[in-house]
Amino acid sequence: MNFKKYLLKRLLLAVVVMIGLSIVIFVISRIMPGDVATMALGSTATEEAKENYRIANHLYDPMLLQYFYWIGGVLRGDFGTSTSTDRPVAMDVAEFLPATLELVVMAAIILVILSIVLGVLAAKYRNTIVDAIVRVLSYIGVAMPSFVIATLLLLFFGHVWKIIPVLGRLSYGLTAPATVTGFYTIDALIAGDIKVFFNAFLHLLVPAFALALGGLCQEARIIRNSMVENGSKDYLSAMRGYGVPEGKILRKYQLKPSLIPAVSCMGMDIASLMGNAFLVETIFNWPGISRYGLSSMLGKDLNAIAAVLLIFGLIFVIVNIIVDLIVAGLDPRIRLGGAK
Amino acid sequence: MSNEKTPILEIKNLKLWFKVYKGYSKVLDGVNITVHQGEKVGIVGEAGCGKTTTVKSILGILPEGQYVIPEGEILYKGEDTLKMNSRQLGKVRSGEISMIYQEPSAALNPVFTIGQQMMEVAKNSDQGKGKTKAERREMVLNAIRDVFIPDPERIFDYYPVQLSGGMKQRICIAMAIMTQRDLMIADEPGTALDVTIQDQVHKTLDRLVEERDMALIMITHSLGVARELTDSINVMYAGTVVEAAPTAELFRKQLHPYTIGLMEAVPRLAGGGIQAGIYGSIPDYLYPPKGCRFAPRCPRATEQCLENKPELVDVGNGHKVACFNIEEV
Amino acid sequence: MKKMFKRVVTVALAVMVLALAMAGCGGTTTDTNTPPAGNNAAPAGKVIRMTTAFGDTFDPASSMDSASCEVIVNLYDSLVYPDLDGTILNGVAADYTISEDGLVYTFTLKDGVKFHDGSDMTAQDVAFSYKRMMTIGQGYTYLFQGHIESVEAADDKTVVITLTETFAPILNILCRLYIVNEDVVMANTADGDYGEFGDYGTAYLTTNDAGSGAYYCEKYTINDRIVMKKFDQYHGTFHENAPETVEIINGTEAATVRTMMANNELEISDQWQTYEAYKALGELEGVETVTYGAGQMVYLMMNTRVAPMDDVHVRKAIAYLIDYEQVYTTLFPGYLPTNNYVGARLAGSDVSTEKIGYNMDKALEEIKASKYADALLNGEMAINVAWVSEVPDEEKLALLIQASASQIGLKVEVNKVAWATQVQNTASMETTPHCNVCYVSPDYGEAGSLIYQRLSMDTTGTWQQTEWLESEELNAKISKALATLDTEERYALYDEIQCEALDNVYGIPVTEQGEVRAYADHVVIPAVERGEASTTLGYNFLFKDFQVLDK
Amino acid sequence: MAVSARKREKELKKALAYEAHRPEERSIGSFKEMRKENLKRAWYRFSHNKLSVIGLIIVVIVVLAAIFAGKITPYPEHAGAFTDFANSTKAPCGQYLLGTDNMGRDILTRIVFSFRGALKMAILVLVISVPVGTFLGLLAGFMNRTWVDTVIMRISDIFLSVPALLLALAVASILKPNLTNSMLAITIMWWPWYTRIVYGVATSCKNEYYVVSAQLLGASKAHIIFKEILPNCLSPILTKMSLDVGWVILMGATLSYVGMGEQPPIPSLGQMVSDGARYMPDQWWMTIFPCLAIIIIIMGFNFMGDGIGDMLSKGDSKYE
């Protein structure tokens, strides 16, 4: 069936993209400023220690050889040891990745739901106050960087209106559930501990909202525009002619065709959530991989950078495949290739 | 032979202007049409004379905020649809009137299957409201069978993009006749199709209307189609009805110069090629002529025609015409 | 509809499987390693929570930044350790004897010193710790480089340290030799680059401790927080109000620290906040702020080998155009004035000459006297001042210099550089900027430490000394001073070196950093109570001497 | 009728009033008049929605402010090498309308001066990356399911998946840090977004009738791409472009975090926002006012963008 072949092709392409990505990352991390050994061992480390660090990490070999050593390790799941934590990077990643994934998944959910709701509302009350509010919101979402929004939200919920906990992943006195998926919310459910689940869920809300706000407002604008564009199509007035209630037309028959252009943009926004999560993590004390990634980038911790970026790349490619599947699912014209 | 049944739909002196770049395009200039219970009424006229606008205004599905109705009313079973609130109008749309569109591929939502769309219509129609899902599905499949489409189960899960033009138009018809309706509006159902399919579509339409004793408004720009399918015909020109009469009466004797011109323009199988057309083209609705809108093209135009608009007057056995100088029969 | 639904379900399942696979790919994380709880309700018993900017690991052999020191001094012991005023106290060593030629130091260990796993500490552990640190070669190794011949365990209780040549600050340096439990380390080695020692337990010591200090590490999650609990079998003494739990939390975002302080989830703040932030924290009820000099100096380092900075007149001109008074009143309120090259807090640091003060006319005079005068004054040649983007306050000083330089027609360019780029640039003479603003903290509480760090040839080409000094004669003077055991003689030599540095303007000691902390008033900090702070990094935070009173 | 009766009354009154004093019909004579007529018609469509006019006004004000920054700002020297620590971080008061930053420089002046850098960066980046991204998107979309499509889309995937900061760090190490180089860095990151959007629209409207019929009529590929498919992509592109003005300015902040971008003391909006964030919430004006400035710039570009979109696309005024 067309769909299986399509999925298979995309997965193959994903592998190609990952290889391309690994080359780009490898080259970029190598030409970044700073001598690797000095950064790794500290500038006061003895020359002799730096020397055998360089040999141990093949830094003197030609670039190509270094790449093969490195990619060989990666395929075996050994990303090498991180110079800052002296531990295998894989262990660090396993510890930090779930926290960021949980934050990003929550932010993605909020982004999808709220952008559709706002988009539909703005389209329904076109050129009225509601439309203007969504429009101004989208500028604020775009103009204000996530760390300013995060700071404002933190101060608001931390000081003025303390109804929701904002810092860290769990309130004091609650112990984290046994690690199964690394997602506190899911682990708590598995462990059947509702109190921890509820607390972990509350902790997720404010950071996830701060992270999603940027993309959320932009998506609402795009959905609103395509809803308006589809508004004057004949099949909607036909539906209206059959007495289908106005609300249902808006929510279902006008929304679905309008989602198509929005979904690809949404996919990219969700994929970039990983990228700009590090600011939100630093402000909300969220022990995620983005903060770890940033410190490794600035401290030129080669192995950690490569691992983090590979994971960002992997997630980006996966999200893209999902987006393409959803678009194909939504729009039969693409999936069936316009079989007249 | 206008039958004495109670009139189901009366459009009285309907005027409609569209907001445009430089002002208001005055498309409808006092339309008067009456449709009786179970009567099949034809509306004939050149493209752009306001046929579709008229019928769309009945159901009120013209694009929001771009038109203005200065005068006129549309009485459906005595109630003026223009004054109805959305609940009343909803009732009319879900149970009383249904419509078939001219352009089949634009009338079906590209991202939903045929089944999904028809189930939705069924769900909101009077008969379908109480029914369970399975019963409604049965209604849909029956409707598809009524329009001679083989293997309805397969079509149910198809997307519009997978169907041909003719099939799509028949689906639209199926949608319209799926539930018991009192008035059916068909806006040039066959124009987008080739002749053989067109003929099939018209025959299906005619049979269903007869069976269900529905009133029909058939819009077409071909007199041949009107002759076969309708009881009476209204000839529209530039936003007004210039002549209306029972079909046989109209073909026997045309009174209004435009109708005469129209009749002559029909290519005769027997005669040699295209007869003389009508000189000139439809007026600019932005700056329409003051008096009768056909005056600039009318061979018999007089001073009076230029100044004031002729009223639609009954000259005997249901034959109405809007012209000052009618040649005596 | 059915088909669509089936497709969406398969996609969702695929995503879940992938997420699970990735989350689990690093093997199961150790169960005990689940990060501790977050915040709000204060835990039972006496607790102190402090924020800081985490460095790398808490392995005593491989880290030297302020956050690591604050943790390591509590987890590990050393033979001797510095008191707040700099005097050397006995750590795990009961006493020590020095041979006549000053080359052999013999320490006898106290009885009953227990490691956190309950085993006794032996001299063998001390020797092992020294060998481990020197092979790893990171952290404070460079302090011992070339001074110590050997460290041996004569028997279970005595440690014999022989030096290569007499070295006065040897006791100060020995504070940095932290003793790890040999058995625990060797039991937890992973494969690494150190032959049969594997990775020397570096991975293990990142998240666990093998020390004998006043507190033991109960839980540590990287980049998040470390929880330390009181060690009851500790050989030393606790203050009766000393905290039972100490949490060091990573994260110095202004808004985060402020929220935690307001919701009393934080007892002591870090020292990286802005002046305005500390003012705001001080206004919170139940929160005080304190400023103390911890010996960290702010230098304007100059590359003395590149035109135009190789001309002493140009360097003097820049020294004259900095308004020092404005620096520690409006630029960095709370910072301390300094007259000598290495800051007043260090023992043996007072100087007999007068430092160059703020004098615009003299600055113009010096420029005119320089051989690059016309090139500089007609804007053809410009002086660039670099500052590190990770320490935003440095920009203030750079812009102040630029503004006052423009008053006398001197063109100064300010450029902002990431830390990694700065380390790379200062590694080679050509790429080292003309001037750069830099914070440098002394390795131990004596003037000799900063003199060595700032002026000796060993640190040329590192971020600590961008002057590229190559004078053999100055280098010899420094090693001679460090080798003279007699304090007066040594301090006289320090004074002579500092005078030479000030006269030739080998970099400008602009001001001494006043470290500011906000703290809850129910917590008593020894440095505040005794009114003096230790200048050895980390020793202001020996939590065993802290007090947590009832709120 | 969904539209409330009251609204229809209002429309009616307006229509009748208009009809009462209707201008006489003018025949369109010379070519010059024809062009004037078209311009009037374009302006009608542009100004049909009042917001577009407001947008145009904002953009014009911003451009003029950027050009005459020296004259209209209270303290022009604050934009250069100037420090006045005595009154640093002062709240907005008579002397400093929008307060001062941590170096004692007037924020209003710096914002107006920073318009120069912001506009230059935004326009240059968009002028380079939009056409490139759009063209590649059209190409990939039109040649759907061929190797061209795969190559282009996968390359854009790679570029999109590398975080902005890392790309900036890499470029920072190769090129000398100044405005043009940082713009180059942003352009490298930016074109894939447009490729993605245009690809989406191109693939879906490739199967539309008018494209198929154009092919039947033997239209060349170029004609189809540029005359048939491109107009459809205009609206999402314009929306994205006008919103991107903000992203580009903020990207400037990320770049200057690593030392690229505008070198101090030249002011840059993104830099002022990120510096000010550290002083929240007491000295809120240091970050809020630059944020408002960015919002206003985006609002201007966005309203104008929508207006241009209405003007170009046939839009909903079908009954021309």
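Worth a mention:
The first chain written gets the first letter, and so on, giving A, B, C and D; residue counts start at 1 in each chain.
Just so we're on the same page, a contact is a pair of C-beta atoms (placed from the backbone, for glycine too) under 8 Å apart; a residue touches a chain by one contact, two chains touch by 3 or more.
Because the structure is a prediction, the values reported are computed rather than measured.
Counted by C-beta pairs in contact, the busier of A-D and A-C is A-C. Innermost chain of the displayed assembly, by C-alpha centre distance to the whole-protein C-alpha centre, is A.
Computed from the mean C-alpha positions, the centre of subunit A lies at a distance of 25 Å from the centre of subunit D.
A separation of 36 Å divides the Cα centre of subunit A from that of subunit C.
Subunit A and subunit B, compared by their mean Cα positions, are separated by 54 Å.
Our note on geometry: subunit B versus subunit C, Cα centroid distance of 88 Å, whole angstroms. Residue positions of subunit D touching 2 or more other chains, listed in rising order: 2, 169, 172-173, 207, 280-281, 316, 318. Each of the following residues of subunit C touches two or more other chains: 254-255, 418, 421. Annotation for subunit A: residues touching 2 or more other chains are 32-33, 151, 155, 232, 246, 260, 298, 331, 333, 338. Subunit C makes touch with subunit D in their complex at residues 254-255, 274, 276-277, 279-280, 326, 330-331, 389, 392, 395-396, 398-400, 402-403, 406, 412-418, 421.
Per the touch definition, subunit D reaches subunit A in the complex via residues 2, 49, 145, 150, 154-155, 157-158, 160-167, 169-170, 172-174, 193, 196-197, 199-201, 203-204, 207, 235-236, 239-240, 243, 246-247, 250, 253, 270, 273-274, 277, 280-281, 287, 291, 294-295, 298-299, 302, 316, 318.
Of all residues in subunit D, only 1-3, 5, 7-8, 11-12, 15-16, 18-19, 22, 25, 41, 44-45, 207, 209, 316-320 touch subunit B in the complex they form.
Within the complex formed with subunit C, the subunit A residues making contact are 3, 32-35, 38-39, 41-46, 48-50, 52-53, 56, 77, 81, 83-88, 90-98, 101, 105, 151, 154-155, 158-159, 162, 165-179, 181-183, 203, 282-285, 287, 291-292, 295, 298-300, 311, 314, 318, 322, 325-326, 329.
Against subunit B, the residues of subunit A that register as touching in their complex are 232-246, 248, 253, 256-257, 260, 330-333, 336, 338-340.
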